[in-house]
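Chain nomenclature is as follows: A, B, C, D, E and F, assigned in order of appearance, with residue numbering initiated at 1 for each chain independently.
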Amino acid sequence: MLRGNDLVCVRGDRRLFEDVNFFLDAGGIMRVSGPNGSGKTSLLRMLCGLSLPAHGEISWRGTAIRSLGGEYYNEVTYLGHLAGVKDELTAIENLRISSALAGAEIGEDKAREVLQYVGLGGRELLPVKVLSQGQKKRVALARLLVSSTALWILDEPLVALDTSAIKMIKDLLEQHLAQGGMVVMTTHQEIDIAAATIQQLQLA
Amino acid sequence: MAINWFKYSSPATYYSLAGKLIPIFTVAAVLLAIAGLYIGFFVAPTDFQQGEAYRIIFIHVPAAWMSMFLYLVMAFWAAIGLAFNTRLSSMIATAIAPTGAMFTFLALWTGSLWGKPMWGTWWVWDARLTSELILLFLYIGFMSLQAAIDDPRRADKAGAVIALVGVVNIPIIYFSVNWWNTLHQGASVSLTQSPKMASTMLLGMIIMSLACWMYAIAMTLIRSRVIILERERHTAWVAELHEKEAA
Amino acid sequence: MNWENWSEFFAMGGYGFYVWGSYVVSFVCIVGEVMLVSKRRRTLQKQRGLIHEPTTKEIENETTP
Amino acid sequence: MLLWIIQRDLLLAMRRQSDVLTTLFFFIIVVSLFPLSVGPEMNMLRTMAPGIVWVAALLASMLSLGRMFSSDYLDGTLEQMLLSPHSLFLLVLGKALAHWLVTGVPLVLMAPILGIQYDLPADALFVLTASLLLGTPILSLIGAIGAALTLGLRGGGVLVSLLVLPLYIPVLIFGSGAVEASSAGLGYGAHFSLLGAFLLVAVAFSPWATASSLRISME
Amino acid sequence: MLLWIIQRDLLLAMRRQSDVLTTLFFFIIVVSLFPLSVGPEMNMLRTMAPGIVWVAALLASMLSLGRMFSSDYLDGTLEQMLLSPHSLFLLVLGKALAHWLVTGVPLVLMAPILGIQYDLPADALFVLTASLLLGTPILSLIGAIGAALTLGLRGGGVLVSLLVLPLYIPVLIFGSGAVEASSAGLGYGAHFSLLGAFLLVAVAFSPWATASSLRISME
Amino acid sequence: MLRGNDLVCVRGDRRLFEDVNFFLDAGGIMRVSGPNGSGKTSLLRMLCGLSLPAHGEISWRGTAIRSLGGEYYNEVTYLGHLAGVKDELTAIENLRISSALAGAEIGEDKAREVLQYVGLGGRELLPVKVLSQGQKKRVALARLLVSSTALWILDEPLVALDTSAIKMIKDLLEQHLAQGGMVVMTTHQEIDIAAATIQQLQLA
C-alpha cells in the first residue's frame, strides 16, 4: 500500500539518508529507528506529504502521493512532536475539533467516553494548558481512538507517557493492525507490538 | 480596643459580616437616592443660566467623584493584598473595579449629555474630560488583565501591580493633560460653573453623592461575596454554607 | 414645587432628552450591574452540585490568609 | 465546513475572553490618542477625523492578524488542517470571516461613537460607518495572506505589517475618501462601488492566495 | 551582568535580522499613511506632524513590547533567569535597555527624515528628535511592566497595549507638546525637564515593578 | 541538605499531593515517580522556588528556601520540560549564554569541547531550530557538564534521547553524585543510577 522508492533526504548541507526503500502492506507496522538527528522526523513528514524528498518517490496504493492530495489525507493520520492541541480549549473541545478537522465528526458523549478511556476522566472540562505533559499527550493521542483512517504515522507517541498509558497505546496499535490498519512510528523507548508484518527501518 | 482584625480578614467571617451589612447599605442607598432626587427635582430652583439642564449635576458630579475615589480605594486594597498577601483585600479590589468603571462611564455619559445643550457639542478635548476618559481606560485595563488570568492568585497580584502603577500615574496624567490643554489658547468653551451654587443644589448633590457611596459599598460587598464563593467553593465552610442554604 | 404638571416635568424646560437621558441610563446601568452580579451568583449555585467533589479532602488552611 | 470553522474560531475568541474587547479598546485608544498629541482644536480634529479613524481601524485589524494562524501553527493544528480532507480554500475563508467577525464588526459598531468625539456631523458619521463596514472585511481577507506568509518567522508581528500595509492603502484611501467627499458635499457613490469591487475581488482571490501561502510556509 | 544581557539581546535581535528593520518600517509606514488618508494640504500636515510622529513612535515601540519577554518565556529561558543568582533588577533593566537600543534608537535616527516629509522647519526637527531621544527610553521602561504582566496570556499582544497606552499618555503629551511649543515660538525647556524627570523616575521604579511582575507571572 | 516538610500541592480544585516529606543528603538521588498528572513537575517547580506550596516548607541547609533567594540559586540547576534553548542561536551561543546566566561563564573553546562531548560535534554552528528534538535536548543538557552547582533538579531529562545519549546522562549523573552532588529527577523511562543513597518518592 505505502511504498517508498529510493528516498533521499537532504537538510542544509547534510544528506541525512539515501536509498531508503520500503513497502508496507495492510496489517503491517514499520518502526523507524536511529540515533538523534538521523532523520526519522524528516522521513515521517515526507510520508505525509508535508515536505518533499530530494529524490525518490512515495506512493500510496500505487499512486504518487503528490498527485493524490485530499484523497490521501482521507486515509492518513499524522501525530507529530507537536500535539496540535489548543491550550485554551478543554480536552473535549480539542478532541471534537481535531477529529472534525480530520473529517470524522463526533458528538460530545463520544468524546467524553474516549477521554475517559485514555484516563482523563474528570479532567475533560479543564483547559488543556493546566494539564501535565503526559495528559496533553493523551489528549492528542485520543484522536487515534476515533480515527477511521488506514495509515497512522506517529512520531514518538510514547514521549512523556507513563507505563499504563504506554500499555494502552500498545493495545490500541495492535487492535488497529489486527483490523488491517498500517502504522509507521518512531520511538526511542522499547515497545513490543504484535503485528502481521513487523519491519524495522534503521537510519544512519 | 481588643478587636481581632485578623478575624475579619478571614473570608468566612467576612462573608457572614458582609451578608449582614448589605441590607443596611442598600436601604441607605435607596433612601438617600430618593431624598436626593426629590431635592434635586422638586426643591432645587431652576438655574438662571442653564435652565433645567443643570439638573444633570445631581448624577454627574457624584458619578465623577465616585469614579476617582473608587480607583484610589481599589488601589489601596490591591496594595494591601500585595504587601500582606491577604487574599480578602485583593478580592475587595477586584470587586470594586466594575462599579468604579460604571461610575466613570456614567460621568462621561452624563457629562456629554450635559455638554450638548451647554457647549453645543457632545465632547471637547478638555483636560478634565480627557483625564476622566483615561481613567476609564485604566479601569478597563485592570479588569481585562484580571479577566485574562485564570489563576486567581496571579490575577490578584498582577492586578495590584497595574493598579498601583496607575495610581502613581493619575496625578501625572491629570497635570499633564491640564497643562497640555492650557498651553494652547485653550478649549473654546469652558465649564460654566455658577460661582455661588444655591444651597439646596449643594445639598442635593451631597445627598446624591452619599447615596452613590452607599450603593458602591453595597455593590462591593455583594460582588466580593460572590467572588469569595467562586474562589473558595471547595473549602469546607462554603460547603457547609451551601448545605445550610439548601436545608 | 417647581412643576405645574407632569408634562412640564418631563419636558425639563426643553432639556428633557438630556436630563432624562442621563438619569435613565444611570438607572439602567445600576440595574444592569445588579442583575449581572445576581446572574453570576446564580450560575455559581447551579454549578455547585456539579463541581463540588465531596471526595477531595477539604483545604482548611486555605480559608485563612 | 465553512460554518464549522467559523464557529470554532469564535469559540476560541470567546474562550480567550478578552480578544474581542481588546482589539476594540485598542481602536478606541488609538483614536483618542491623536487629540492628545495633535492638540484639542476642534476644527482641525474634525478634518482629521475620518483619516484617523480609518488608520486606527487598519492598525487594529492588522495587529490582530498575528493571531489568525500563529497559534494554530505553534501547536500543530495548522499541520493537521493541511492534512485535512476538507477544502483548504473554505477553511481559510472561514478563518478570515471569523477574524472579521471578531475584530472588524466591533470596530464598525464603535466608529460612530468615536466620530462623535471628533464632532463629526450625522451624515459623515453614517458614511464613515458604512465605509468601514465595506472596508474591514477586505482588510481581514488581505491580511490573511500576509499572516500566512509570515507564519513562524519570529519577527512576524512586524513583518506582516510591512507586507500588508501597502495592500491596505487603496482601501484606506477610498474608505476615508468617501467620508471626506461626503463632508465636502460631493457624492461618495463612486468610492463605495470601488470598495465593493475590491471586496468581491478579495473574497474570490485572497483565500486562494492564503491557502497557497500556507502550503509554502508549512513546507 | 547588565552589559552582558544587553549584548545577548542585541545578538538575538541581529540574528532575527528583520527585528530592527521591521519596527522601523512600521514607524515609517504609519507616518506615511496619514497624508494618504487625511489629504495633502501642507499647512495642516505641518501642524499635525509632531503629533503623528509621536503617535507612530509610541505605537511602534509598543508593538515590539511583545517580544521583550515572550520568547524567553516560551522557551523557558525566563524561568532560568528567575533562578539565576544575578539581580533580577539588573537583568530587567538590561532587557529594557536592549529593547530601547533595538526599537527606540532607530526611530530617533529616522525621525528627522520623516519630519522633512512633513516640511517641518529645522529647529522643530531638532526638538522633535531630542524629545524622542528623551521619551523613547521611558516608553521601553514603562512598556516592560506591561509586557511582564501579560506574559503567557494568549490575548497578550493587544492586552499589553490596553495596559500600557494610558501610562504612555504623559510622555506623548510632553513629547509632542515640546515640538509644538517650539513651533509656536515658546520655550520648550519645561517640557524637556519634565520628560527628563519622568525618565529618572522610570529608570528607578520600572525595573523593580517589572521584576515583581515577572515573579508574579511565572508563579 | 534539601528537606521537604509536609508539602501540599493544590492545583485548581485538585489537591495533587499532601504530606510529602523527604530529606536528601550529599551524594543522594531522589527519583520522583508517579503516573501522568500526579504532580511531579509541580513538585520540582516548588523545589526551585518557582511556585509556592499550599502548605509546608522546603529548606536547604536548614534555611527555608523562600528566605534564601539568590544564594540558593547559586547552588541549584533546574532543567524543566522547556529547555530554555533559543531557536535562533547556535548551540555554542546557547550554551555560553545559559551558563553565564547561571553564574558560570565559559569560553568558546570550552563550549565547543562540551558540545563535542554530548555528540553535537560538527553541528555547533547551526541555529538550534534546525536540530532534531533529541539534539535540542542535548544542547539543554550540555549545561550540566559545565555547572558547578550541588543540586540538580531534572524534569524528564531522558525524553527524546537515544540510547547512547541516555548512557551519557547516566554516567554524568553518577559522576556528579560521586562528587557529593545531589539530584532530584523524574522520568517515565527505566534508568539505573549508582548512588550513595537512592530514594524513590512515589506520588499518588
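Annotations for the structure displayed:
In this text, contacts are C-beta pairs under 8 Å (C-beta built on N, C-alpha and C of every residue); 3 or more make two chains touch, one makes a residue touch a chain.
If you're wondering where the values come from, they're calculated on a predicted model, not measured in any experiment.
Ranking every chain by how far its Cα centroid lies from the centroid of chain A, the top place goes to B. The chain pair with more C-beta contacts between its two chains, of B-E and B-D, is B-E. Averaged C-alpha coordinates put the centre of chain D at 46 Å from the centre of chain F.
Remark: chain B and chain C have CA centroids separated by 14 Å (rounded to whole angstrom).
Mean C-alpha position of chain D lies 25 Å from that of chain E.
Those residues of chain C in touch with two or more other chains are numbered 51, 53, 56, 59, 62. Contact with two or more other chains is made by residues 16-18, 22, 25, 29, 36, 39, 71, 154 of chain D. Each of the following residues of chain A touches two or more other chains: 81, 87-88, 127, 130. Those residues of chain E whose C-beta lies close enough to touch chain B in the complex are 145-146, 149-150, 153, 155-156, 159, 162-163, 165-167, 169-170, 173-174, 177, 180-181, 186, 194, 198, 205, 209, 212-213, 216-217, 219. By the touch criterion given at the top, residues 16-18, 21-22, 25, 29, 32, 35-36, 39-42, 45, 116-117, 119 of chain D touch chain B in their complex. Residue ranges on chain E touching chain D, taken from their complex, read 16-19, 22-23, 25-26, 29-30, 33-34, 36-39, 44, 47-48, 50-52, 54-55, 58-59, 63-64, 66-67, 71, 154-155, 157-159, 161-162, 165-166, 169, 172-173, 175-176, 180.
On chain F, the positions that touch chain A within their shared complex are 11-12, 34-38, 40-41, 81, 119, 123, 126, 130-135, 137-138, 156, 159-165, 188-189.
Note for the complex: chain C touches chain B at residues 1-3, 9, 12-15, 18-19, 21-23, 25-26, 29-30, 33-34, 36-37, 40-41, 44, 48, 51-54, 56, 58-60, 62-65.
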